[in-house]
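What follows is chain A paired twice: with chain B in the first complex and chain C in the second.
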Partner chain A sequence: MDQKTTIGNFEAACILLNLVSTKIILDFPRTASEDAGTAAWIMILLDSAVVYLLFLLITRMYKKFAGKDLLDVSEKALGKTGKTVFGIIYLAQFMYVTSIVLRQFAEDIKVISLSTTPVSIVILMFSAGMIVGAWLGLEAVSRLHVLAVPILAIAYILILLFNIPRYDVTRLSPWLGLGVEALAVKGVFNLSYFSELVALFFLMPFLKKEKNFGEVGRYGIFFSGLFLVLSTLCYLMAYQYPTSTEFFLPVYQMARAIKIGRFFARIEAAFILIWASCAFLYLSSCLYFITYIFQRAFDLKYRKPLIAPFIVLIFTLSLVPENLYSALQAEMQIYRIFAWIISFIFPIIILAIASFRARLRSKREEVSSQ
Partner chain B sequence: MSQGLKTVLVICLSVTMLFTSGCFDASEPDDMAYVVALGLDRETGGNLMITLLLAVPIAVGVGPESGEIENSTNIITVAAPTILGGINVIDSMISKRVNFSHAKLVVISKELAEQGVEKFINTFIRFREFRPDTYLGITEGSAEEFLKLSKPVLEYNPSKHFELIMESFAYTGFSNGSTIEEFYSKMESTCGEPVAVLLDISPIQEVRDLTELLKDFSNRNDEVLEGDYTAGEMPVVYENKIRQMGSAVFRGDKMAGVLTGRETLYYLMVSGKLGDVYYTLPDLNEGSGNMPEIKDYITLRLSQARKPEISVTIKENIPEVRIKILLEGDIVAITGRNDYSTGDALKMLEEHASEYIKEKVVSFMEKTRDEFKSDICFIGKHVKKTFLFWEDWLKFNWPEKYEKARLNVDLEVKIRRPGIMVKQIPEMD
Partner chain C sequence: MKGLASFLKSVFLFKPAEPKNPFVLDDFENKSANPDDGRSDGYDGEKGADEKDGENREQRKSDRRKKITKPVLLSGNDDTESDDNKSDDKDEKDDRISSSVETCLAVIKERYSADINADFKIREFKVRIRDRAYPAFVCFFDGLVDTSIVNNNILVPLMTLSVMPMETEDRSLQEIVNDHLIPQNQLKMCRSYQEVVDEINFGGAGIFIDSLDVAFAADVKGWEHRNVEQPTSELNIRGPRESFIESNRANSALLRKILKDENLIVEDVLVGERSKTPCSIVYIKTIANSRLVDEVRKRLKSIKIAYLRDAGELEQFIEDDTFLPAPQMLLTERPDRVAAYLGEGRVAILVHGSPFAIVVPVTFFNLIHSPEDYYLRYPYSTLLRIVRILGILITLYLPAVYLAITNYHQEMLPTDLLLAIASAREKVPFPTIVSILIMEISFELIREAGIRIPGPIGPTLSIVGGLILGQAAVSANLVSPILIIIVAVTGIGSFAVPDFSLGYSFRALRFIYILLAGFAGLLGISLGMFIHFLLLINAKSFGVPFFAPFAPKTTGKRTNTVFRSPLWKEEDRPDFVNPKDVKQQPFVSRGWVVSEKGVRTDGSEDNDR
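Right, the complex of A and B next:
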């Protein structure tokens, strides 16, 4: 049974880090520079700080409910209906982001490597990996994260380091980019870059040290924030604004540009390996969470039979966008606008109501006992 | 899951991986025609003339066996409205599929460059087969002719031949090593303009032609030293007729003029890209030998002691540019009888070199400002960093301001070593 599975804090932090940071190898540095120009890195730094503060608040509120996932808390707050409603909301969020990211990965791999392979075949290949991950469960997925995430992080840092000769700090000027207003307004929507942190609230029952979930989240936010800021900063130092808004896969572009002597070049071939590994880890974790949330929301006994119908749904949904740009738009124009509300505001509301009702209940018990 | 089932699953997966790896995107290197260089000309009907210099791998040599230089490349020219349209035509008639992943050089004719290169550069940046480090050159004449006459002489591998030639700017300073990605980035920049490598075909066939050419130069007032030429004017007799010297200067995507080899060296100095180059300057005491008509020269090996410091202040809407360059060098040759290896003579040489190079750098900078109206040294980025908001920077309109800039150059040469001689004793008359 999945409920008996336990994972360590480091494993949980690795899952969070990969879930939040995978977007770096997709389009993140470009979209950030589209939003705030040369000050994109400042926007992401501020976003990281805000997310950190929000998380501290959530951690304080969650203390009473340590060991319970967000759906348990919603049940405490709003009863069975609340649990089902929020279950559906989070399920929809994960379904939406997974299908779009799956399509993006497939389209990206078509552009950079498998140019004549039909996109459906590429999606199918990723789906096979997702099924294996979700089937083997959280323990296998988390252990694989522990093995892969440090290697992927080192490989990514190497790409940034090899680009050092191309960095020019003056490319970050004008320092406040598209203006304070753009930083503030877009910054709020871009809190959604951290939306996958909500996964931590579903990992709660599996943590070996339930009380330390705050630490897991803080490490996850710190390192993912660090990677997001670094990626934007380095990308903007290598490609000045507005050229930085043109490249479809910024990190791939940076990997392509690496040339150390005549021998050490074309390392983007290695990049594709890093890239596919991140994709498999991200997508299989997401499929796991989708089946887990559905199982919990509807109090089902088994999770594994849900894998087949959900992978068919995700596969179909991922083919809905007409083209690559529509898939990107679906993420930039829709997901980013609402995801931060679902990931940070809803948990705060749920926790506030649950705490309030718990207090009422305890007062009522006190009165009745007197 | 039982052990047997696991084994079967692993075997099935391994076999599937083995046999499906090349389902759609299989490509045999043997089935590809690798482009070494691409040339673009304007055809009279409005089409593009696309010339490909293809590598013939078997002639380049296999393993330890040496190849045949003469047959190592193959040339093909097609007229089409777009580059990739032309490639399609070529693909339909040769036995292999054209591939650009090993292309080293893109040559565009001056005629096309003057009309604007944005539409071509876009293809090179967007199409993933082109590498970002492919060099970009502008030829005064036809790109097709240029590629036709290019033949590797000291190198079997045509790809390496082009790469080595283009990289030579690091030790000659006569070119700039501009790549398509660098060019594109600069072309789109709001604080500077791009340059490309200047290429040409030499009209010189024998030593007699060379003398004729030099006669033209001797009529000029200025002293003509090595590198004071553009690619087509180089006084060289050599089997390979293609030449690389100087830079093609752009304003936006349109070519605005050319720099000679020496001017390109000053461009590298101001931009902080100077490698380790030989630099000749006239001796302080001209004609000190027995024959006063023969001038004496000193050759230094120069390099940048540190990156140039550039500061810009805006006074009454006019930029006041201050460039501080610190060079260091070794004495590698003195043709005269004076010894500058030590003491006061060394100090004199340092002052002389500083003054001489400074004068040339100022004249080069003035040329970029007055003649080309193009900030190729990216002085603008030092102004841009004083701005907070993008909108304000765009309104400031740097390209317009650069045309009125006041240029001050502060240049110092430090001679660190006198070569492997510490003194020079003149021959007794």
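Right, the complex of A and C next:
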């Protein structure tokens, strides 16, 4: 019999933190600033608070189903068909976001340093890392997260710290940015920034202390929220709106601005290591979840044979957008509008139905026993 | 063609993996049915079944190849089994020692081809007991035994002392010989020829006496061996300077001398179907996890090999992952180092004929420690560890990073440095990757040649290779001077890796990193690092994750991993080894601080001091 894979709560929290926060090094602070102007950081702060509350609600509802993943719960709620349907939905969500992020990373790396390399070659290199990660499985990937995430977090904080001379608080005014209405409307859609939190519901069966899954989620939301808010706040303090909407790689721009004396004037290339490490961790985790969801949705015995077909699919999908701009559009105008529903509303609905049916069943049993 | 076809088939078609049950060292001490004796029934049963399965499979395969159709047995399997048992019984009977010394002599002569085996000696004589002379002989290998012991402790008593008056009336001949006539401290009574032969092969003397259906095997080992000398591959300034030698018992004695603990167990296992090399599993009974000891025993006993010559061979037979780019056990020639690890609850394996002991389980961090770390004050050893880690990083990444920066990320360099590098490279006709590969391969050649050639010429070659060739290469504009610096620093960094085997791993991986950097700059290096770390993190050494206690994060303290803490702070043994007793020393290990520094024994400090 195979040894059961288990991961610690700290490892799970690191996976969540990386999944949610990786967008910081892509386009996140810019898109936030486009949506809410100088008040982007307030919008993210409010979003974090709302996500936290939603998660508390989900945690409460999930208590009865601790140790079961979302597909198990959907089977309890809507039977085998429900499990398959929701499996396909979550599979589609992960595949969509993985292929777009893969394309974005590849394009960004191409712009930063490999300007003459075809984008497909860069994507292939990322794919190689993804395959190894997904092949070795959740245990290896989660352990690597434990080693890498703190180092990456420190490196990112250093970027923010070295930019301190450029910060100006007055750049945050007008404090409400594009207005309360923009904050409210865009804020709802931007709950999607936390959409990767849904991965926690698929990590459930692997948690060593499954009863404490709420803690994992809370830590994950707190730290990822903290990093998202910090990154937006620092970016907006460093670059005046509307200049802040122009840099296609905001954090790279901030890294470029670092000057420590005459000798260390152009150290941003070293941050490629951070970019690439984040990307490898994010993408390999996503590929793992994709194969896992497919395996669970269709009750397959083996997961590893799915890696090859899915990497081909993701590779192909990532080449569908014509250019970086199309990829960004695909994320901003399609994914972000629906992702929050799939990640937060669907689980609430599934859990509500499952709880209701469980209660009905227990009542029926009580009646029959009487 | 057939092989190619099956390879292609294995690439494209999925074949479900065989069910695995990897060993994981957890803290459930009493999980196995009988943890202390460790010879778990399950194992033997499993082994038997596996062996049978394996044999049957082999048989089927060979049958298929030969296209032999076997007749169906009418009597069924039971008969074959009983036939097997019968033949076993027959073999045992044949192997029993005969009471006729002539028969014994003939058997031994035949077994050892005594007529052509020049170093095999047989001395025939007579033993006089109760006024009767019994023909007898003693046999041994000349050179393996101490002949003075054979003369004084075997031949003299048997040939001359036997005529002395003794109270022998109601005692058997066997008892008289055993109790009075062979004054030897290690005497074994053997009932089969094989037992005697095994003893003779390992420096014993076989004694056969007429009318006895047993033989005596006396331990009279006396072969030539090296004295205990200074270690050659793990040198130090502070600390003991003894190293293991090629004798198993001498090595276990070296450990006993350091530990002085009656709970130190030295358990012998013979490995090698022909060589029957004695290997010893060494552990402290009250500290080492029983399941770990069981696992070591199980792996050693399961090895089917003709000859085992060295610990390096044994390492390859018992390691968890053959293809991992890092060693999964520690081979050391220092008894003090092994003793320290035994004290932490690990297990050591000694192999007769090898001056290296194997220590399991180990983590990556153990491999970057030096034995001297413990003998130096902790600030110094912490500094040394940082230097060592820097050396490792330089060995692995410096040439690759240089290549990535000069080829892809020139903007990273400050202008002055960029100009210096550019002007140095101006006249070099090769691309940087070619220059680096030329230099790295040359460096490896010099290193390999330096080890292989006779001693006095070694330093000359290093000087010729290192200085003159390097200078000539720069003058001939084949490589840039900066590249010489890079390669030299990389080489020096590789010498700072304390573990010999890990050093090899880094030397090999350096080339992969260079190729990846040449292909995609820092992205290539990141890909290499990602896969390298994934493989290392996924690895286990005898059930212990290779990157414990960081990945996975364990509950115990993380002292003595990357950095060192003061010795008095290392109160616990490593928790990932799951020792029987985690506490190594009490919270206050320096009794004097209670009175002088106001530290209380419950762990709190006196705020008023």
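Throughout what follows, the second predicted complex is superposed on the first by the 367 of 370 C-alpha atoms of A that agree within 3 Å, B and C clash if a C-alpha of one lies under 4 Å from a C-alpha of the other, contacts with A are read in each partner's own complex, and residues count from 1 in each chain.
As a working rule, a contact is a pair of C-beta atoms (placed from the backbone, for glycine too) under 8 Å apart; a residue touches a chain by one contact, two chains touch by 3 or more.
Since the model is a prediction, treat every value here as computed from it, not as a measurement.
Contact-wise, after the overlay, does A:114 reach chain B, chain C, both or neither (first, second, both, neither)?
Both partners, chain B and chain C.
Specify the partner with more touching residues on chain A, choosing between chain B and chain C.
More residues of chain A are touched by C.
Mind working out whether A:185 is in touch with chain B, chain C, both or neither, as first, second, both or neither?
neither
In the superposed arrangement, which partner chain does A:262 touch: chain B (first), chain C (second), both, or neither?
Both partners.
What residues on chain A does chain C touch that chain B touches too?
113-114, 117, 121, 262, 265-266
Of all residues in chain A, which touch chain B in the complex?
Its residues touching chain B are 37-38, 111-118, 121, 168, 170-171, 173-179, 239-243, 253, 256-257, 259, 262, 265-266.
What part of chain A is in contact with chain C in the complex they form?
1-3, 7-8, 10-11, 109, 113-114, 117, 121-122, 125-126, 128-129, 132-133, 136-137, 139-141, 143-144, 146-148, 262-270, 272-273, 276-277, 280-281, 284, 301-302, 304-305
Give the list of chain C residues in touch with chain A in this complex.
Residue positions touching the partner: 14, 16, 19-22, 24, 405, 408-409, 411-414, 520-527, 529-531, 533-535, 537-538, 545, 547, 550-553.
Where on chain B is chain A touching in the complex?
Checking each residue of chain B against chain A gives 23-25, 128, 131-133, 160, 163, 181, 184-185, 188-189, 381-382, 384-393.
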